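The structure appears below as C-alpha cells.
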Amino acid sequence: MESVAQLLEKIPKYDALPETISALMPILASSVILFAMLALAVLFMVWLERKVSAHIQDRLGPMVVGGWHGWAQTIADALKLLLKEDIVPASVDRVLFKMAPFIVFLGAFAAYVVLPFGSSSFVTDLNIGILYIVAVSSLSVIGIIMAGWSSNNKYSLYGSMRAAAQIVSYEIPAAVAIMTVVLFTGSLSMVDIVRAQTGGIQNWFLFRNPFLFLAFVVYFIASLAEVNRTPFDLPEAESELVAGYHTEYSGMRFAFFFLAEYANMFLVASVATTLFLGGWTQAVPASIMPQIVPGPVVFFVKALILIFIQMWMRWSLPRLRVDQLMYINWKVLLPVSFALVLGAGWMATL
Amino acid sequence: MNPQEIAALLSEKFGQRIPESDADALNPWSAVDPSSILDVCRFMRSDGRLEMDHLELLGGVDYKDRIEVVYVVYSMKHHHRYTLKCRLPREEPHLSTVESVWKVANWHERETYDMFGVLFDGHSDMRRILCPDDWEGYPLRKDYKTPDSYRGMPV
Amino acid sequence: MEVDYSGDIMTLNMGPQHPSTHGVLRLELKTDGEIVADAVPHIGYLHRCFEKHVENVDYAGVVPFTDRMDYCAAMNMELGYVLTVEKLMGIEVNNRVRCLRIIMAELSRIASHLIAAGTYGNDIGSFTPFLWCFRDRETILDFFEETSGARLLYNYNWIGGLMHDIKPGLEEKIIEFIDYFEPEVDNLNRLLSDNFIFIKRTAGVGILSPEQAVSYGVTGPNLRGSGVKFDVRREEPYLGYEDYEFDIPVGLGEHGPVGSCWDRYMVRIREVKESCKIVRQAVARLTPGDVREAVPKRIKPPAGEVYMRTECPRGELGYLLVSDGSLKPYRLKVKSPCFTVMSAFREVSRGAMIADVVSILGSFDIVLGEIDR
Amino acid sequence: MLTYFRNIGQGIMTIVSSMAIAGRHLFTPSVTLQYPKEKWLLPERSRMRLMNKIEDCIGCGQCARSCPTECILVKTEKRGKEEAPVFASDGTAKKLRTYVFDIDMALCCYCGLCTFACPTQCLIMTGEYEYSVYDKDEHIYHFAAEKPLTVAGESRQNPPEG
C-alpha cells in the first residue's frame, strides 16, 4: 500500500486534505485499481472460456464484435447486462435478494488484497495472508445461501444448499493442502511464500518434492469444487437445477454473480500460482538470464495457464452427483491431504 | 401358433364369450364380450401356448354406432400376434381394466378414456392424459366438434 | 429415542420449461432432500391430436404429419406409415426403393442416436459430446437435403415409392461418410462413454429389469438395454431386412446390473455401428430402377384393418390403420414407443436422486412430439 | 480397499484420456459457417418458399386439394367464350381465370405435395429461405394477376374443409 500512498502524495495539494480523508484515499485508490484490473481480467477470461469451449467443440465462438476474433464480445455482453431492466420478482425477500450478489462478489474481491502479483505490486502483505484468503473467500457461501433462500424458488434453494455443502466441505482438503506448503516456508505471508521459491523452476514448490506436487493436485481439485466448476458444478447444474442459486437473477445482479464466479476462478488460480508455481518468479533464475519480463506478467501467465486447465476440464468432463461429490471429498481428498501433510512434514524435517 | 389356431383356441376356451372371429383377415381378430375381456387377457398372457406378454397397442375406434376398443397383443417368445376387439355402446362405455395383466395398459387406457370416453373399471388412475383435465368432450369421437375456445383462449 | 429423519416432502415441478426434459414434459417430483420419493410424469403439453388430423386429409397428405411425430427420426416415422398403407393396398415396391428406404432409415437411425447420445451427455453435464454429435448429424442431414430437399421433415417416403431418386454419386459420399464416421464413434466413447464420472453417473442407476420392461411394453433400445434380444427388424422383417447381416446389441451390464442407464445408452452407441454395416450392405445392393414405379395414381385402399410395426430409433412404432374404402383414413392409431417407455418412468425413478431423474429421463431418449402426438 | 484404489486410478486415467481427446480438438479445424457472411450452397431440391409462375397456372386447384394444411387458396372463374384463348407456356389452354391465388407461407408445412400435384409445373419450391417478416399477414403471398369479371361469390372456390 505504500506505493499507492506515495503515488497519491504526488497529487498537488494532497497534503491540504483533512487527515481522515487522506487516510482513506490509499484504500479507495487501491480498491479501484484492483477492481479495474479484476474486471479486465474477467472480461478476458470470459472471452477465453468461450473460445476454448468453441474450439474444443469444433466451433469458432464469437467472431464478429470488435473485429479480430470477436475480442469485444464480452464487453458488449457486459454492457448489455448492465443496461438490462433490473427485475426483482414479486415474491422474493427483497433485501436479501438485492444484497446477495454483492456479498458473493465481496468474498472473492476481498481476498485479492493480499495477492502478490509482483515483488512490489501488492496491496498489503498480511502476516497471516493465506489464512486470510481461506477465511474471506468463504464469505461467498453466505451470499449464495442468501441468494438461494431469498429467491423463493425451489431450484435456487437446491442450488444454494448444494453450494453450501460443497464449498464448506471442500475447504478442508484445500486448507490442508495449503498447510503442506506452510510447513516448508514457516510463514503464512503470501510474499514470504513466493520469496521462498525464488531461484528458478527447481525451487518452485510444485517440483520440490512429490508430496508437494500431490498437494498441488489436491488443492487444484478442491479449488475447482470451491468455485463450482465442472465436474463440480452441481450448484448451478444446468440440466438439473436450471441455473441453481441464480435462477431468478437477471441483468446487473446476474452480472455480479458472473463476475464473482470468474473472480473466484482467478483467485484460486492465483493462490495456486503463489503457493506452488513460484508466484512472480521466473522459471529461469536471474543468474542465468536477466529478468526482463516484469513480475506481474509472469504471474498472470502462470495463473492463466491454470485457468485454461480449469476450462479444459470443464468442457471435457461430465458432472458428478451429490453423493459422489461428498465421497470424493471425505473419502479421497481428505485422507490423501492428511497423508501429504505427514509426508511433507517428514520431508521438511530432513 | 398361427391365427387360425389362436382363434380356435379362444373360442374353444371361452365359447359364447367370443362372438365373432376372423382369423383370415389382414389383421386377424376376435371380438370379445366386454364383460370378459379381463379373463381373456389373463388367459392369453398366462397360457403356455399363447404367452402374449407384450401389449403392443390398445386403442379405440369410433364406428359411429359403437366404439371398439382394440387390443393388439404379441408374444415375444412364440412370435405371434393377435387382435382382440371389444364392442361397446357409445353411451357411457365402460370396460374392465387390464392393467393387472400388462402394466403398460395403464397409460393406454388413460389415453383411450381421454380420446373416446371409455371408462375402465378398476383402473388405478383414471384421469385424462393428453388433454387438460377440464377438457370437454372426447376428441377422437367422430361427432366431436372442436370448441371455439378453451378457458377464454381461442383454439 | 426414535427420530423420524424422513423430513418434509417437497413438491418440485420439473418442467414443462426445463432444460433437460427434452421438450415440454412436466415431472412432478416429490422430493425429500435430494431423494425423489415419487416422480409423476405429466404429458400432453405438445398434444395436437394428430390422429384426428389425419382423418381429414388424404392418404398421401398424412405423411407430412407423421414426420412431425418424432422429428428426430422423421424418415422412420413416415416409413412405418407408408409400409402400413402398402400392406393394406398390397403394393410391392422394387428393389431400388427397398434399398434406398433402408439406407435412409438407417442413416436416420444414426442421426437420431447421435442426438440421443449427445443430449444424454448434456444431461450428465458434459456439453462437448452434444456438439460433436450434431456435427456428424449435419452431414447426414446434408444427404437427406440433397435427396429430398428438406433437412428435418422430409416427406420422402411415398406410398408405393419415394419422392426422388438419389442424386448420382451420393452412394459414394455416403460410404465415405461411414468410413469417416465409424472411428469417430470411438472418439465419442473415449470422451464420454468410458469416462469414469459418466459411468458412475449412469451405471447402476434407473434399473429396468427385463420383466418390467416387457410388462411395460418397453421396446427398442430401451428393451435391449435390459438384456432382451428383440428387434423387429429380425423378428418380423420388412423391406428385406432378413437378408442383411447385423448384430442386435443388448445391454451386457459391464458396469453394474443389466438394464441401467449406461446399458441403454451403450446399446444406442453400438447400434450406430450396426446401422453403418447395414448401410454399407444396402448401398452394395442398389440396382437401377424407377423409384416411383409403384406409386398409385389415386390412393384408395380397400376397406379393412391393418396393423404394422417397424423398428424406429426409439423403439417399435406400430400403426393401426382402419380404412373404410374412402380417400381418407378412417382411423389411424399410433403405438408410440416413447409413450410406453414413459409409463415405466415412475416406477424406475422411485427412490433415485434428482440428478438421477435427469439421467434416467435422458437414457429413455424420449421425443415429446411422439408421446403427445 | 483394492477397488478403492482401482477406482481412483481408473477415474484419473479416464479423465486424462477424455481431456486428451478434447484437447486434440482444439487444433482441428472448425466446422462453423459464418452465416450472414458465408452462405451455404443449397442443393437444387431444397424445399423452401413456394413460388407460382402465374402465367403458366391454369387454376385447376389440384395444389389446394393436395395440401395437408390448406395453406393455398385458389379462386377462379370461367373465361367467357368470346374472350381470346390464353395458353400456358406448355400449351395447355387456360380455361379458368385465376383471380385469387394466395399461399400462406405461415401455414405451409413445406411437404412439397402441391408441387407434385401441379399439372403444368408452375408451382415450385424455391431455395429462398430468408423471408422473415414482422407481421404474420405478410406471409400470405398473392400471386394472382387478373381481376375477376363476375362477382366473387359466384366463382369456384377452394374445396371446403373435410
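As written, the chains take the letters A, B, C and D, and residue 1 is the first residue of each chain.
Everything below uses one rule, namely that contacts are C-beta pairs under 8 Å (C-beta built on N, C-alpha and C of every residue); 3 or more make two chains touch, one makes a residue touch a chain.
For clarity, every value in this text was computed on a predicted model and none was experimentally measured.
Chains that count as touching both chain A and chain C, per the definition above, are D.
The chain pair with the larger count of C-beta pairs in contact, out of B-C and A-D, is B-C.
Computed from the mean C-alpha positions, the centre of chain B lies at a distance of 25 Å from the centre of chain C.
The distance from the centre of chain A to the centre of chain D, each centre being the mean of the chain's C-alpha atoms, comes to 52 Å. With centres taken as mean Cα positions, chain B sits 63 Å from chain A.
With centres taken as mean Cα positions, chain D sits 40 Å from chain B. Shared contact sites, meaning residues of chain D that touch two or more other chains, fall at 15, 18, 21-22, 25, 31. For chain C, residues touching at least two other chains, in rising order: 128, 132, 135, 191-192, 195, 197. Looking at chain A, one finds that residues 56-59, 315-317 touch two or more other chains. Here, these are the chain pairs in contact: A-C, A-D, B-C, C-D. Per the touch definition, chain C reaches chain D in the complex via residues 56-58, 60-65, 67-68, 128, 132, 135, 138, 145-150, 153, 155, 163-164, 167, 187, 190-192, 194-197.
Residues 4, 8, 15, 18-19, 21-23, 25-32, 34 of chain D are the ones touching chain A in the complex.
For chain B in complex with chain C, the residues that touch the partner chain are 25-27, 29, 53-57, 59-62, 70, 72, 76, 79, 81, 83, 102-104, 106-108, 111, 115, 128-132, 139-140, 144.
Of all residues in chain A, those touching chain C in their complex are 53, 56-59, 154-155, 158, 230-231, 233-234, 237-242, 315-324. Residues 43-44, 47, 49, 51-52, 87-88, 212, 214-217, 228, 230, 235-236, 304-307, 309, 316, 318, 320, 322, 330-331, 333, 335, 339-340, 342-344, 347, 372-373 of chain C are the ones that touch chain B when the two sit in their complex.
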